[in-house]
Amino acid sequence: MLDVKNFIAKRVAYELNDGDVVNLGIGIPSLVANHVPKGKRVFVQTENGILGQGPAPATGQEDKAILDASSAFTTVLPGGKFYDSAGSFGLIRGGHVDVTVLGALQVDERGNLANWHIPGKMLVGIGGAMDLVTCAKKVIVAMEHTAGGKAKIMKKCTYPLTAPGVVDVIITEMGVIDVTEKGLVLREIAPWATVEGIQAITEAPLKVSDNLKDIPTI
Amino acid sequence: MLDVKNFIAKRVAYELNDGDVVNLGIGIPSLVANHVPKGKRVFVQTENGILGQGPAPATGQEDKAILDASSAFTTVLPGGKFYDSAGSFGLIRGGHVDVTVLGALQVDERGNLANWHIPGKMLVGIGGAMDLVTCAKKVIVAMEHTAGGKAKIMKKCTYPLTAPGVVDVIITEMGVIDVTEKGLVLREIAPWATVEGIQAITEAPLKVSDNLKDIPTI
Amino acid sequence: MNKQKSLKDALSHIKNGDTVMVGGFGASYPFMLLEGLLATDVGELTIIANSMGHEAFVTLMEAGKVSSVITTFLKGNPVVLKMYADNPDSVTIIPQGTFAERIRAGGAGIPGFYTPVGVGTFVEEKKEKRTFADKDCLLETALKADVALIHASVADKWGNCLMRGTTKNFGAMMPAAADYTIVEAEEIVPVGGIDPELVTVPHIHVDAIVKVGE
Amino acid sequence: MNKQKSLKDALSHIKNGDTVMVGGFGASYPFMLLEGLLATDVGELTIIANSMGHEAFVTLMEAGKVSSVITTFLKGNPVVLKMYADNPDSVTIIPQGTFAERIRAGGAGIPGFYTPVGVGTFVEEKKEKRTFADKDCLLETALKADVALIHASVADKWGNCLMRGTTKNFGAMMPAAADYTIVEAEEIVPVGGIDPELVTVPHIHVDAIVKVGE
């Protein structure tokens, strides 16, 4: 059976460039670090104060002073640095994060992002998402294409925005979609999807790239 | 023969309170640290990045990475901290320096300070003086009472200001003068001075404190 | 100069109506100080903390000690959600980086600064906008407090704090922005026991130290 | 990822007309890089440095390479005084704390901030004023640069820098505010050779490393 989350995470990892500073949100984005291709090195930044986050520590090696932004035990790699929050968000807000990868409740064809609150539901708060998407050089939304059968890729977001016009790329289990000045452009398609099938579960109209490719499934 | 500079520096040291964070300018102010009375501990801050400056190092113990704001070798005491300039001036501008002691070209009865440029002479620059006098809790001017026979304590500064209305106390070899809302008030007088004699070399009118005291000469 | 105190003495400085900053990000909250605060008589506090989700904040709010909150994250705290539903003005939600920068500004003498973060969202409500290099920005102001409560890995007797790894977070900046700072430290060492290159918070911002577990 | 280069290669990135930030406070200037810069063909540089008083800046200006200067201190440099006399607009003198904060702002994405420093002096000329809590303040803007030249005590091969003691000063903030940063390091160590708690400048802001003396 297809592991949707890891399929998406893996495709996101291919989108990263060697040397990128990346911030990975919770959920699917947090899996991206496991899929970075050999020969590429990316530097994972956590907004709670690490540049150069490493893998989870071995059992017995946990250090309660070294946690990730979700409070899970983590490690720092050789060549890393710890920051206080003014420093950590200085790095984020100064535009030094090359790619931020995060989930979304809704994204629309103008790159508007809504990922913090569903009206009528419990308020969650916003954490560092607004800082990250407003200031990172590239914003990748990594998410399942729909939620409970409802479209998440919209003509216009109906939920309150995290930030307007910030999303560059949307990666789902169906395809890779670029947000361009002319709207959404399907750049890659999953082997199990069709253009018509994707359009049927996408509220915004999709253009198809002249150079449409298959998402590699390895 | 009277050592005017050390006499002034010593009187300044008595003005400091136990626990004060102090910044000491070049010249007479730099001598103040040598005169802090036993039983009082002050923490000397240098704007180039030390909190808790110690004495000059012994010969052979100099460390070229530990200098004061005048680039002389210095030391840091146990309990001290090194800062970068954003941190060091954050400390200064955040109002965490209790007392800044510095020289002046002119001070006037409103507490205006001019200590960076004499019109027509070579431009020196301003360094950290504006930051220190604008933001420190207390500003003490420590200087010789006159310069080349000319008054330095003025009705109104004629040189360009370092900052308006910032000086709290003026300490010279003649006396201790408080800057108050009602003008300059002579609070202490040197044994070799008279009120009339001080007024004669002071452009601004001096009030005399009801409680005028001698400067202790020990 | 030895600032080590009993928990009770340290907390006795906090008054009704005080604004209290609390360090921590996910973990590294000063749980002992928060428990101690629960046992005091003070109330009507304004709490400034990154997240309200921890049990310690839930308990404090259930005890009716909190009248308003400035935070970035509410999840996990039903009391703050009810407070927000009853009186939206009592709960201020701000972006995490703006939160960090406003606290730093409070300690560094910067009354206001501009940031593009929050433009085009609820964050911009009631805020002044201004354009820099064609980019809309919001005017944000300094945050200050009466009291800061922070957790340190190591403190010396004067109050110099070493905060290891990711425990620095907001607690590193709060003491400079607060009139009175109480530190809970896992370990207390003599003055000189922390390398001047490793002091996260200098002693001059610290007023009381409590040893964790005592 | 090994960024160690020859002096010539490292400096080859600097172009005519570039704005160049130079770290240092009294001492701790990157003298080797400044000497190297003197030997290049580039000119019309804008120099952003705390003090112009050092011989290295005098020489650079005598060679006609500098068309404008942003600094806090001129003493000891007759060339910059003459430049100021000839064309006051080419020399900008700003308070040291404002200088530090404007550079930090440049690296931290803050386009502008307010400070009371400079009010009532020549510094306020042409600047917007605004009152916060009855205190007049000036609007100051971020400083950025094409290139930063800094001196480090130790660098690793990726460019992480440890700046010991008082050598941090402005060089600690400049790399984040510059597009391209060249470090001269007294010592170069393998990656992992600097404790993550002691990294003053992270490698991501550094583009080239030159070993002092080579």
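As written, the chains take the letters A, B, C and D, and residue 1 is the first residue of each chain.
Please note the rule applied: a contact is a pair of C-beta atoms (placed from the backbone, for glycine too) under 8 Å apart; a residue touches a chain by one contact, two chains touch by 3 or more.
Because the structure is predicted, anything quoted here is derived from the model rather than measured.
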**OP:** Using the touch rule from the top, work out which pair, B-C or A-C, shares more C-beta pairs.
**Re:** A-C
**OP:** Starting from the mean Cα coordinates of subunit B and subunit C, work out the distance between those two points in Å.
**Re:** 35
Original post:
Taking each chain's centre as the mean position of its Cα atoms, how many Å separate subunit A from subunit B?
Top reply: 55
Subject >> Chain centre separation (subunit B, subunit D; CA means) in Å >> reply: 29
Subject >> subunit A: positions in contact with at least two other chains >> reply: 76, 82, 89-90, 92-93, 135
**OP:** Could you tell me which residues belong to subunit C and also touch two or more other chains?
**Re:** 101, 104, 108-110, 115-116, 164-165, 197
Subject >> Pairwise chain contacts, counting only pairs that touch as defined >> reply: A-C, A-D, B-C, B-D, C-D
**OP:** Going by the contact rule at the top, pick out the subunit D residues touching subunit C in the complex.
**Re:** 101, 105, 108-116, 130, 132-133, 135, 137, 141, 164-165, 197-198
Original post:
Hey, which residues of subunit B end up touching subunit C in the complex?
Top reply: 19, 21, 41, 43, 51-52, 76, 78-82, 86, 89-96, 135
Original post:
If you look only at subunit C, which of its residues touch subunit A in the complex?
Top reply: 25-28, 50-52, 71-75, 81, 84, 93-101, 103-104, 115-123, 153, 163-170, 172-173, 200
Original post:
Across the complex, what residues on subunit A touch subunit C?
Top reply: 46-50, 63-71, 76, 82-86, 88-90, 92-93, 122-131, 134-135, 160-165
**OP:** Give every residue of subunit C touching subunit B within the complex, in rising order.
**Re:** 1, 104, 107-110, 156, 158, 160, 176-177, 191-192, 196-197, 199, 202-205
